[in-house]
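What follows is a single structure, written as structure tokens, with notes after it.
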Amino acid sequence: MNLDLIKFIPWLPALAAVLCGLCCTKKALRCLAAPICILSIASGFVIAFLHRGGVPPGGAVVPFFEWINIGGFSANFSYFIDPLTLIMLFVVCGIGTLVAWYAAFYMKGDKGYARFFTFVSLFIFAMTNLVMADNLVLLYLGWEGVGLCSYLLIGYYYNKPSAVAAAKKAFIVNRIGDLGFALGIFLVYQTFGTVSLREAIIAAEHVSEPSTAVTLIPFLLMLGAFGKSAQLPLYVWLPDAMEGPTPVSALIHAATMVTAGVYMIARLLPIFVLSPYALPVVAVVGGLTAVFAATIALCQYDIKRIYAYSTISQLGYMFLGVGALSTVGGVFHLFTHAFFKALLFLTAGSVMHALAGQLDLRKMSGLRTKMPVTCWLMFVGCLALAGFPLTAGFFSKDMILAAVMEKGLGEHGQPLFLALGILGLFTAFLTAFYTFRLWFRVFMGPEQYEMGEEHHGAEEHGHDHGHGEDAKPQAASDIKVEHHHDAHEMPLLMNLPLIVLAAGAIAAGYWAEHSGWIESMVESSTAAVHGGESAHAAELFGYHLHTAMMVISSAISILGIALAAYFHWLNRPAADAAARQYKSIVTLLNNKYYVDEINDAAIVTPLRTKGEIFFAIDRLIIDALVTLVGLVPRALGIGARRLQTGALQGYGLGMACGAAVLLLLVLFVAN
Amino acid sequence: MNMAEKIAGVWPEIALLLGAALCLLVGLARSVAIRRFTGWIAAASLLVAGWIVAAQVCNAGGVIGLTPYIKLAVVAVGLILLMVAAAVPVQLKMTRDIEAGREPFEPGLVIRGEFFAFFLFSLTGVMLTADASDLVWLFLALELTSLPTYVMVATSRDRVEAQESGVKYFFLGAMAAAVFLYGFALIYGATGQTSFSLIVDAANQQIAAQGRISPLLTTGIVLSLLGVAFKIAAVPMHFYAADVYQGATTAVTAFLAFVPKTAGFVALIALLGLLPDGYVPPAITWLLWIMAALTMTVGNVLGLMQSNVKRVLAYSSIAHSGYMLVGLLALHGSGDALGNGTAAILFYLVAYGLATIGAFAVLGSLQARGEEAETFDDISGLVRTHPVLAGVMLLSVLSLLGLPPMIGFLGKIYLFGSAIQHGFVGLVVIAVLNSAVSAVYYLRIASACFFGDSEGHTVSTPGISRPLAAGIAAVAALILGFAGGRLVSTARDAGGFPTGRNDVVTTPSQPPAATTASR
Amino acid sequence: MNPTTIMLVMILVPLLGGLGLMFLPRGNDSAVRPFALAYTLLTFALSLGLAFQFDWTRTQDLQFGFFHNWVPAFGLKFGFGIDAISLWLVLLTTFLMPLVVLGSFTAVKERAREFFLWLLVLEAAMLGTFVATDIFFFYICFEFTLVPLYFLIGIFGSTDRLRAARVFFLYTFTGSMLTFAGVLYVAWFNTTLDAATPFTGAGVWSFNIVTLYHAAAYMTVAQQSWVLLALLAGFAVKVPIFPFHTWLPLAHTEAPTAGSVILAGVLLKLGTYGLLRFAIPMTGVALDPVIGPVPGALVHFAPWIAGLAIIGILYTALICWVQKDIKKLIAYSSVSHLGFCVLGLFAINTIGVGGAVAYMVNHGLSTGALFLCVGMIYERFHTREMARMGGLASVMPIWSTFMIFFCLASVGLPGLNGFVGEFLTLLGAFTAGNVLGPWYAAVAGVGMIFGAIYILYMAGRVVWGPTKIPTDDHGDAHGHGHEVKDLSAREIGVLAPLAIGCLVLGLYPTPFLRSLEAPIERLTEPARLMIAARASNQARDAHLTDIMAEERALNEDGMTIIVPELPGLAAPPAVAPPAEPER
Amino acid sequence: MTDPLHSLTLAHYLFTGAVLFVLGVIGFISRRNLIIMFLCTEMMFQGVAVTLVAFSRYHQNDTGQTFVIFLLTIAAAEAALALGLVVLLFRRRRTLDAQAWGEMKG
């Protein structure tokens, strides 16, 4: 099959972004933005789907046009397509289409409707570039591009200071990781003389004795991955990113963008294996992040934040998987996670939509009668997230845990991986617990809820004077007006994508694993793990382990759900009592280990103080020095001026003495 | 060289002297209408002198040697100065009253005629300085240049400041004259000669005998240099400059800024020409080095402190003398390109003269509260009331600053290039830093004209000649900046010969071999 | 039209046009504006013509060479000629100027005639700087740019304009006076060379840049160090490199919008251009009387200068973060950004220097545009205090879109122009073994983070956030009561071309970058050879002896500018100006 | 060595000249009356004259003495000028104190 169409996958959304941008200018055109956007993403999906079987083994490069070429350095807009790319394209375009569909309803009536879809299209452009990039620089373009869109979309409600701050934080924290990534690219270029993925990978595979520089590359690249995928210590931006509209959280901050780090490591696996320590570090960071974020999620009250921490935690799983050399597991989890996490976020969005922006767990309960479809859709998502047997999350999580345990218990068992495996199981338990804590709190129990103050779903117009826009009252949007009365179920068209996602959340795991699709795809990409023998041995030995792990994690998951049911459905006072009893821990967790505060005190404030100090130095020392130098002539002038007394004799004296001194000087000293 | 040739060489001076005498005579006339002719007579005699010089130059096949160059420059700049000066006598209240018939006529008080006579006398002195081939001649020429200017300063303006200027200028000038005269005496004592060429011969003999010139000769030259430094207002003989420039009427100040300075530099070049080729005693190198550095620094730093534009320009004049002293160090250079300090000084004199006369002429074209404009307040916001004059002022200060593409920039290339070629890099660095300092006060002038608010009390003086002179000077400074090639090659030809030994000029000889003697 | 003529006319149009404005009928200053616009547009058209006639296959040659003797005795010439680097900077200048003029239509109400006069004269001077092939002709134009800007700031600036104008002038003038001395020194050195020295036209005063490149190669390292310091004195202040930057924020804040745009857009590049055109080729290789060719002063100084650049990047970036005045923030950001440019230059490899040139052009577009944006705000609210405004996105959406766009370009977002320069300069520094190295890039890279911090901080305060319209002293909102007007068609017309430029150079910079390769390789060749030689110490002697021998064998005339259509003479062989002969 | 006049050497004359010159300088600086100050400059001139004559004698040529003639002429001219100036000044200020003329400074 002709691969030429592939290159349009990113550029159709780019075109859509331009068109949507134009739609921003005229109010009448606004409603066109959503269809344009959805169409462009969907066509991307269709193109990708058409190529599902046509990708040559080892991938193919589809050149498009030249970008940066100078002095032997070359980075072009050309696309690399292999099975891994296809998986990512399915996720990005597939989930993208569904989320955009959902958002077309969710965002209705918002003043920035067209703007929203502009950014979403732009995001898809960047994200597809990221996953299709043939070289690291183009990957970096996508990488930063998605960061930008994330920035723009988090700050979508730009009149809200917290949204603006969150957007800024996201961008900057990502930049920190990006710096590592950029340096990694530099090092790749210096070492391998190319930034082309394929060439670099081939070169990496031929490295026999890795030099220090080479072993440094994965660590630098890793930094980028940690930033983008919100791993320790660069995870801080993701919870705040929930300030954005919920579809954005679903698409960008759960399903696609944040998985870019996993994708990148999987994609560059041959480079990562050059250093014996790189992947274990990835695994450790992933494992720690998983449990760390899960504990925080335990004690949060904001629905979206819980999901945000859960995302961080799940991303940790993926890193754990990739770090344990199970790229299949990592990518598999990425794939399934996209379904159920998008589903969870979108259903959370529905809840918010219904409750006028209410997000606090404590202020809602028993919504199952009001919103039955949403309730059960979310239930499906929760099951998958909790790793309930036979759901998608179950299979993928299991594959990771099995791989980790395999490394821990296998022939050359490493205690480190054993510990990570146990940590993973513990996280699985926590995940099941907090997931269902949320679900039981929201949908079970007595029906009672408070409406929120609504900034979601419709834009707060603030000072809209002089713009010829709707006056303030109308700005609160038609939908919202009825929301103020009561919670309600979403329309069917809006729930349609959720149903598709729910189907995926249940079936995707079983299908992908048992048809061998995911494994064959990943194994025929650059993420393939070469090291046949140990893989073979693991398979032999691991069959039992695999089964054992399935049992154990099923049990853990059910235990978690049951515990949640007890505390948050059947006996809520017990939960409150427990919370009171371990107040300090709860406070610590509720305040997210005070990481934001620590960062603020340890990094932001000192930097800003440095800025103030530098500014003072600039004015008081550097500029003053310049002024001082400028004053030297003036000081000399003041001195010389004293001789210009105006008196005739004084001048005569000056002349006589001056002449005499000069005469003596030159005659006796100089000669 | 016989007497006839010698006289043939001074025909331009004779023309000027005759003109001066005629001015004196006509100036005695009772009729105002007749006395008015004195200015035209002066102009005519300058033109005649210029014509004679031009003819001589044509005969010689080009400007060969410093003499014709200086004479041409004196005539050309003298004409501009004359335009600036044309209105001077009218400014004297007494003269006005007498001319209006309110006061009885008294020849001694009406200085129109004398003024122009003195003007011509002084210019004659400069020309003669360039002709000098003997210490006596040089002495007389220098005095002829100076003495009239004392009178011009003291009497050109009906204000007490003018008299104060006069007294300071005269007394200090007399003292300085004594100093260089003493130096002349020592030179004579060391060689037994007053003729330049004979002195050089004697010095060569001394070198042949002892490997150096006698300390007495060195001392004599050093003293002479110090005394003549008064004419160019170089440290330590600079004290008078600001006071005199301020007190004199603007036209005379412009005159002072160019004429005595030219004479002084010609004399300095002649005096250094007494040294054998390629030999400069360290004492003299040191003296010039120190004087140059001090002069430009003192001039510039004092220029920063002033509130009176004329004083600023006075200090700028000192500073420019300092730059030109740098050229003196490179005097014994080869005749080629940049390396020749003499040529550089000759060029710079014109560059500086045009720019500074332009600035003074602008000041002279303005009056505030019935007096000549001279403070920064007076020229504040000039661009609103007199945009053309402001533009001229801008061009002038930019040229003084040495900002391209004005002629002053070329002058700096020439001067500093010659100094670098002779290894005086340190001095050049001091000089360029000084240029930067000077930017402060030049910018003050420009910013007063362009950024200030006009208080409206500044009006232009009657008559077109001064603004015209200002315009001519400034435009010349601009055009010569772009098309200075001709002037540079003329200066180079003029400076390409050993100076002060005019007899050499008549026997065209090869310029001395290139000596890139560096320290 | 003959390209040489086009080049001359291109410089003369703004110069004479500007002077011509003075002769328009008095009293009607509004007539001045269309004229000024027409002149700048004509200049732009001419520069495009030049670009079309340019032979893009030999971008390294100084094409359309032409000279007019100025002062033959000193070898001073008005020498013209452009290679790709000059051409791009010329295009940048001519592209920015119409926009600047258009952007100043309403900002300048009084003395408009003078304003446009100075603007046009400034354009002529800037163009002259870029096309000069004679170092003193370059210097003339370089220096002369001070005068128009001095008046633009001094007459049309804000409250503290007099001080700003003075400081600006004096600071840069002082530096360039030292450069003046350095240039004279090199030219003198050229005259002392043995007449047999190839390319140098020895013994004769010449200020032809190519001649001086060759001459300087015969200096010792010590001599070159002084020359380099002298050149740096002028150019480092102009760029400005930390710690010589303090004049810039002052000048920027006080200057009128047009002045700021030109200052940031073009004038600062005169410094980096000077470094590239003079410092790098001149001081790349030195001659040791015993050893022979050795690495020149540049190679020794590069790490230090790059170090200063990096300090500047980080230091000023942090300063940006605590600014209260938007314009001052952008002004400081210029210092930070130009630090990348200098870093790239002193990486002395094609990637780094190419990145630096790209940075020059890109910074001109994006920062120029930011200043224009700020100017539009200032015109409406008469304040630039960030604390007094906020959330302008809801009242001025078009402006906000542009603002965010240019902010992102400035931050170096891939796909926009800023990225290309930033990435390449860092990559250049990273891979510049033996000169800089990974650490330089790593530390400078922190500037990318800080850059994001302060730009987003500014965007967050001004564009986003709760809407806040500045009020004047009487408590009234500016802009006629509550009406805050978004951009007019004219203003969109000013910003849109810049945005398009940013996008095009961000997505398809390849032709631009490719054209830079050859000239950069030529300019950096001596230094690169020396660095390479230093790397392989063994090979050094043999290798360089070869080069010198080859150069001697080539023993050709020093006049290496191509003079097309010289009547009565066959076109001379295209002796390009190689610092070292082509290998 | 018996006759003091015969033991007078060039040095003695030069010394005399120098002393006259320096005395003139000192007088110029220390006296305040304009006429006396002028006379001091005249004294400096005379010191030069003595020197010149001494050298002329030493070198056995007349050039130095010729120089002196011119020097004296110029001195006379200066004297005339000085007296004119002094009269002008006295008319203006009714004093000959040099200190009265110090308005301009700096």
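First chain written, first letter: the chains are A, B, C and D, and each begins at residue 1.
To be clear about the criterion, contacts are C-beta pairs under 8 Å (C-beta built on N, C-alpha and C of every residue); 3 or more make two chains touch, one makes a residue touch a chain.
Keep in mind it's a predicted model, so treat the numbers as computed, not measured.
S.K.: Which other chains touch subunit A while also touching subunit D?
M.R.: Correct list: B.
S.K.: In terms of C-beta pairs in contact, which two chains are most connected?
M.R.: A-C
S.K.: If you average all the Cα positions, which chain's own average lands nearest?
M.R.: Closest to the centre of all protein C-alpha atoms: chain C.
S.K.: Distance between subunit A and subunit B based on Cα centroids, please, to the nearest Å.
M.R.: A distance of 78 Å separates the two centres.
S.K.: Measure off the straight-line distance from the CA centroid of subunit B to the CA centroid of subunit D, and report it in whole Å.
M.R.: For subunit B versus subunit D, the centre distance works out to 27 Å.
S.K.: Please work out the Cα centroid separation of subunit A and subunit C, and write it as a whole number of Å.
M.R.: 38
S.K.: Measuring centre to centre with CA averages, how many angstrom lie between subunit C and subunit D?
M.R.: Each chain reduced to its C-alpha mean, subunit C and subunit D end up 64 Å apart.
S.K.: Check each residue of subunit A and list the ones that touch at least two other chains.
M.R.: 641, 644, 646, 648, 652, 656
S.K.: Which positions in subunit D touch two or more other chains at once?
M.R.: 25, 28, 37, 98, 101-106
S.K.: Please list all residues of subunit B that touch 2 or more other chains.
M.R.: 167-168, 171, 175, 179, 242-243, 305, 440, in rising order.
S.K.: Every pair of chains that touch: which are they?
M.R.: Pairwise, the chains that meet the contact rule are A-B, A-C, A-D, B-C, B-D.
S.K.: Could you pull out which subunit A residues touch subunit C in their complex?
M.R.: It comes out as residues 24, 65-73, 76-77, 137, 140-141, 143-145, 148, 151-152, 155, 158-161, 163-165, 167-168, 171-172, 175-176, 178-179, 182-183, 185-187, 189-190, 461-467, 607-608, 610-612, 614-615, 618, 622-623, 626, 630.
S.K.: Spell out the residues on subunit B that touch subunit D in their complex, using ranges where they run on.
M.R.: Contacts found on subunit B: 135-136, 139-140, 143, 147, 150-151, 154-155, 160-161, 163-168, 170-171, 174-175, 177-179, 181-182, 184-186, 188-189, 192-194, 242-243, 246-247, 305-306, 311.
S.K.: Which stretch or stretches of subunit D touch subunit B in the complex?
M.R.: The touching residues are 14, 17, 21, 24-25, 28, 34, 37-38, 41, 44-45, 47-48, 51-52, 54-56, 58-59, 61, 63-64, 66-67, 70-71, 74, 77-78, 81-82, 84-85, 88-89, 92-93, 98, 101-106.
S.K.: For the complex, which residues does subunit C have touching subunit B?
M.R.: Contacts found on subunit C: 69-76, 114, 136, 139-141, 143-144, 146-147, 150-151, 154-155, 161-162, 165-166, 169-170, 173-174, 177-178, 180-181, 184-185, 187-188, 191-192, 204-205.
S.K.: Within the complex, which stretch of subunit C touches subunit A?
M.R.: For subunit C paired with subunit A, touching residues are 170-171, 243, 246-247, 315-316, 318-323, 349-351, 354-355, 391, 393-395, 397, 404, 408, 413-415, 419-420, 423-424, 426-427, 430-431, 438, 441-442, 445-446, 448-449, 452-453, 456-457, 460, 463-469, 482-486, 507-510, 513-514, 516-517, 520-521.
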